[in-house]
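In what comes next, chain A is part of two complexes: it sits with chain B in the first one and with chain C in the second one.
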Partner chain A sequence: MSGFAFQSAGSLEEALAVLARTEGETRIVAGGTNVVPAIRDGRQPPALLLDISRLDGLRGLREEKGKLWIGALTTLAELAASPLLAERAPALYQAANSFADPNTRGRATVAGNITNASPGADMAPPLLVLEAEVFLTGPAGHRSLPLREYLTGPFRAALTRDEIVTHLTISPQVHSAFIKIGLRRAMAISVATVAVALEKATDGAVTACRIAFGALGPTALRAPQAESVFLGRQPDSALFAAAAAAIAGDIQPRDGLRGTREYRLSAAGAILERAFSLAYYKEA
Partner chain B sequence: MILRLLLNGKPVTTTIRPEQTLLSVLRENLGYTGAKEGCGVGECGACTVILGQRAVKSCTVLAAQCEGASVRTVEGLAQDDRLHPLQQAFIDHNAVQCGFCTGGFLLTAVALLERDPHPSRREIQEAISGNLCRCTGYVQIIDAIAACAAGEGSGEGQ
Partner chain C sequence: MPLYGDGNKDSKGYTYINKFFPRVDAKDKVTGRAKYAADLTLPNMLLGGALFSPYPHAQVTSVNTEKARSIPGVRAVLTFQDLREEVSWGYYTFMSSRLRYQGDVSAIVAAEDGESLAKGLAAIEIEYQELPAVFTVAEALAAGAPLVHEGNEECAGNIWAHSRYRARKGDAEAAFAQCDRLIERVYETLPVEHAYMETEAAVAAPDPTAGLMTVYTGAVNPYFTRRWVADALGVPRAKIRIVQQTVGGSFGGKEELLGLTASRAALLAQATDCPVKMVMSREQSIIASTKRHPFLLKYKVGVNNDGRLQAFQAELIENVGAFHMHEFMNFRASVHAAGVYNIPNVKVDVFGVFTNTVTAGAMRGYSSPQLIFGSEQLYEEVAGELGMDYVAFKRLNMLRPGDENACGQKMESDIILPEILDQVFAATDFERKRAAYREQQDVRRKGVGMAMFYRGCGLGAESPDASAGFVCVHDDGSVMINSGLVENGQGLKTSFTQIVAETLSIPPETIHFIGVDTHTIPDSGITAASRSTVMGAQSVKLAAEELRDYLLATAAMMFHAEPSQVELREGMFRLTGVPDAVIPFQTVCNVHHWTGQQAGVMRWFKPAPLSYDMAAGQGKAFPTYSYGCVVAEVEVDTLTGEVTVERVTCGHDLGTVINHKIVEGQIYGGVLMGQGFALMEGLAVKDGLIRHKNFDTYMIATALDLPEIRVMLFESDDDAGTYGAKSIGEPATEGVAAAIISAVKNATGLTIRQIPINKVSLLTLLNRRSQAAATEDSLAGATEDSPAGAKENPQGAATENPKAGATENPKDKEGGEA
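Then we have the complex of A and B:
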């Protein structure tokens, strides 16, 4: 394409038809907080900018058959203000509240965050531990896949050029929490993040445990070795030390502008202990 | 392409390029230079305007997506020669030095007080966390917003 073009989709069908017709020449725009800076920096070559922000059917947050349904266009501000999320899925609620600043949250969407697929995308760790399923619609119809299969690499997501994310579902978990380390409290790209979701028996033993880290590998990552440390046990300082040691097998932190590999590894152990404790002691 | 906005309550029409930001349309097409370009990538808040009911960083908003929307800029705050109560509070509390950031802070604060007329100091801090000031410092700015919220003149806008 020689220059940019713009079209605002009035319906999902129209958006899908545009994608099918224009193949690789289209860039979907939701909140635009990733796409617009990319245009400015020349990282987004000329394309048809397909505005999907008017597709109100892709908005909202509600309980459905024991899961939470989250529309693709639901903004971070909506997540950050949701009493339902605060009560049923604290990890996602806390992540939304530590994202950028309130004005950016008003534009940024949840599907945009995971589709942009930054290694430090703040929605990814909480969505991974809440077993998020990503629902896509394309010319071949509907399909869904777990978020861990959707995030295929740095800035790579498993959607084809003619597909649109319509919504996500998550399994709510009261015993869940999220912690982010940035260089300052607001407006900070993550140095390291962790989300934890767990279940426990009446005697306090951990019966299920999911842990995911962000900004510590090519994508947000589940941490199976650290998870297995907690299973069947009650947390104490020895167990946290064992989990911190196990993390080295789960994540691949890199030296970078915002922290060295060593710093990130030890920070990951520290925030795991804090997030785990928050999730574990949360009143159900 | 054609873009229509309700700008500070008045309908305006302009011809834009599809990839233009709302900030660039306000400044370059419409001559509303109250919104400043500090960073151009969403980090500083100097470009903040109110889109619909919410404060946004206009440098990260695609103008074409705003078709038909209401936009308020700092130029629309004063009524005739009467300053908006928040503008007066910024002056009274010495919350302005070079002024480059001020328009952005004002619009973030106007949107905050419309949503929540009596925010706590903590809520004010949270609301302005995406607006940077390099010279005044934040204490006077927070004082100004808090004083405006405490006084009879809340940020009712227009």
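Then we have the complex of A and C:
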């Protein structure tokens, strides 16, 4: 592997300075689980790979003002082993545990997963339903935006060339769940994923409902039509059937190497029901 | 004979075989001490690379290497124009201007480092004219189809003349006219990648000591590799030395691309007078290496209403891709096509068709996994048509001692299949579960299924099953052994060590297995066909027996007795009847050496001749057969199409178990491969180009996908193999896919006629059946019979198979009896 320069930043300031200086010929690398395979596949390497994996201030997972703060460099292995996440945000915890294998989880970072912006990015649906906010820093200072605005298209994120993601925040929701369909049980790129987060009243009626799908559109996407089916209702088989029917208006599945449009549409309804039930009946 | 390990572990009375001994190569492999070809570094070594075809079929119209040669670090650029002879055997080309598939090569480069190599390959100025191509059997056989090997009469009409094999028994045509019912079915399988961990690698070094060239590589047959290299360089075989390295998996596949890689490295080594290492990337390995033969299996069966099979006719066509050196696979396929059943009238024809797509080659099972899937599903369908229970149907028609199989070979030795069936069924609670699972309506449905099968041990009448074995002792009592067959992960070194230990009656720890160097031991053929322990170890055993006699003579001299009064037992020479008269093995070896006695023996073993008439497709095909039954238990998620293989129980006839841990290892790996073949694997090829080029898209099962595997080993009395051993390497995988598909049918009621079927294809089938049930205008059963046709999902079940499931049963149509 050759044809590019490599620099490891010792501080966020240094990293930002390098980005400012090199005007977009630079690619940020943290865990390398997307960047390195892309270079190996023969795609044009960037002039400079800027390694930010030593920026320890961008790591960690903690509760902060009722939200969960997740550092950009937090690995999926850390998410997959977090009791806090397991208790407060099961959807994200389950997604991290379904991702690739222990080796890859040990390197892949949460910000890398969403910034790569694969339509099937496994962290994106749970982060969408947990109302993730993405925090960026750049020459103009800090800014933040909701994840749904951050994901702008397939393999496109709203990160300018001189910015770095520092952290995310999520609104924890115990009534949340994630389900993934891959062609095997480890090291599988998703064929379809779903995340659900909901709130319910004491009578069991759903008072808030957020549903997001992965690998079923150009980006991970929310499913407003399916969400509205559940609002104010208690789930039953008729409701699930209605939600499954409503999905067609929310998602844009396509034929691909891993699955057909027909399959994705059909399986999405099944996993929605299961994820919804997991979230709904999860003991708070 | 009883189940091995069931309180009867020492029933055969052996000392060093028939029990566990740690693998002799295990420690080196797990600690990283083992060296594979790609690990080697020699002084002044260059790296070699190849320019593969961008098209499935093309003619090179111009090539200019001037620019490539001028790149710093590039030391040699060779093209097809530099070859004395393009074509080797099997019509494979070392390099060629006519590129017949994506894995063909037009030029090779040697350079000082990887970067220069990549630049050199990229700088070759080459122009192609793309040629019309054929990809499927149907396209290749169509009138006026482009020819893959134009001008070669042996490949006329894209059919390889030498690949035609047949089996004949009775008169199938006449019997069809007499049968109560005729049933026709078509099944299909897709190409499968071997997925060995080590890709093809070779280091070729100019070596005057060896003659001309020494090549370090890990081949399934170092003698074939020697032939490839000698042909490429145009020199006698005696000038080429192959030194076998640790093999990182073969499963039958380390042959064609391995031989070509070694040859290309040798050509570059000759041109530069430097050692050259060539290592295939994973993508190159997947594109250019052979695959499990995809088969089109067309059957016609005649059966009477009492369930007795009367006639079996099969036309088995394999898509061989652009090249072929596996005509003998079709011999095996013809003999085994009808399965382990007694059918009075049989007509089997097998042949291969050339296309401009990925080439097919030997892969664990050598047609059996495909054929067992087809025939076992076929018999389930036939039983269903008769309204019979399929297990009862199979038991009724099963081969029994004294019966003749499909090629008319009389089954002379014991057939322990009934015992295996009984015990495997009892251990799995098979019959109860099967009945209980039939009428499930749940989203997640359990299923249990089975396959039963037999396999001719060794090469049989395919080619001489001969091999060399070597044993020698040193003055300190240590022993060195060798064989012309190779360790490729199956455990050969360990089982051969145990066999010599048993023969000499010395502890296996004192024995060292050398490994193949083609300058030291004669060509013993390919390490394949599950022949090594069964047949290949016979020569080592013969050599050990002869050496034992020499040592007994020395010991007798030391005892001042006759050799007949001396025995060698557990490392000690003993004088019969005199308990205190004992001399250690080492002491005798020392005297043996210093008195100049013969201390080394090379012996040749060739099994008793078989009388098989290839042209007629009749006769004694194999010296003996091993038998087996696999039961698979699955759960099908009918809303996602996911099949969870929960448990696989494998009952195998081992004859004599040499080392049960190695056997278990073979079976675990065999189940994984069979599961992949049933549910996951299946290479996507579109217009001749492979779409699954690495393991991110080509799915093989991971540890998380593995079922619980239960192994039941049965022993039998049969003297054909070494110490009565029978084959297991290939039996371990051959029935697994068939059993899993049978279980999926038990769970869902779906008949599956094309594998692999992944969750996408399975859900598509399930949904179509539901839709058909919902719209009442569809014919009953029509959905079940439709092919798995998710057209954009080649890995599951890719191609439309319009003939699959066409029930061409005149009596059915006329009488409407169903």
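Operating definition for what follows: the second predicted complex is superposed on the first by the 279 of 284 C-alpha atoms of A that agree within 3 Å, B and C clash if a C-alpha of one lies under 4 Å from a C-alpha of the other, contacts with A are read in each partner's own complex, and residues count from 1 in each chain.
Throughout what follows, a contact is a pair of C-beta atoms (placed from the backbone, for glycine too) under 8 Å apart; a residue touches a chain by one contact, two chains touch by 3 or more.
Predicted, not measured: the structure shown is a model, and the values here were computed from it.
Of the two partner chains, chain B is the only one touched by A:Val29; chain C is not. Looking at the shared chain after the overlay, A:Glu262 reaches chain C, while chain B stays out of its contact range. Contacts of A:Trp69 after superposition on the shared chain: neither chain B nor chain C is touched.
Judged by the touch definition given at the top, the superposed model places A:Phe155 against neither chain B nor chain C. Contacts of A:Ala270 after superposition on the shared chain: chain C is touched, whereas chain B is not. In the superposed model, A:Phe4 makes contact with chain B only, not with chain C. Judged by the touch definition given at the top, the superposed model places A:Asp51 against chain B, while chain C stays out of reach. When the two complexes are overlaid on their common chain A, residue A:Arg185 makes contact with chain B and with chain C alike. Shared contact residues of chain A, touching chain B in one structure and chain C in the other: 37, 101, 185-187.
Per the touch definition, chain A reaches chain B in the complex via residues 3-6, 8, 29, 32-33, 35-37, 39-41, 46, 49, 51, 53, 77, 100-104, 106-107, 185-187. Against chain C, the residues of chain A that register as touching in their complex are 2, 37, 101, 181, 183-189, 191, 255-260, 262-263, 266-267, 269-271.
Every residue of chain C that touches chain A in the complex is listed here, in rising order: 115, 639-642, 680, 684, 691-692, 695-697, 699-705, 758-760, 763-764, 767, 790-793, 795. Taken together, the chain B residues at the contact with chain A in this complex read 1, 17-19, 21, 40-43, 45, 48, 54-57, 59-62, 64-65, 67, 108, 126-127, 129-131.
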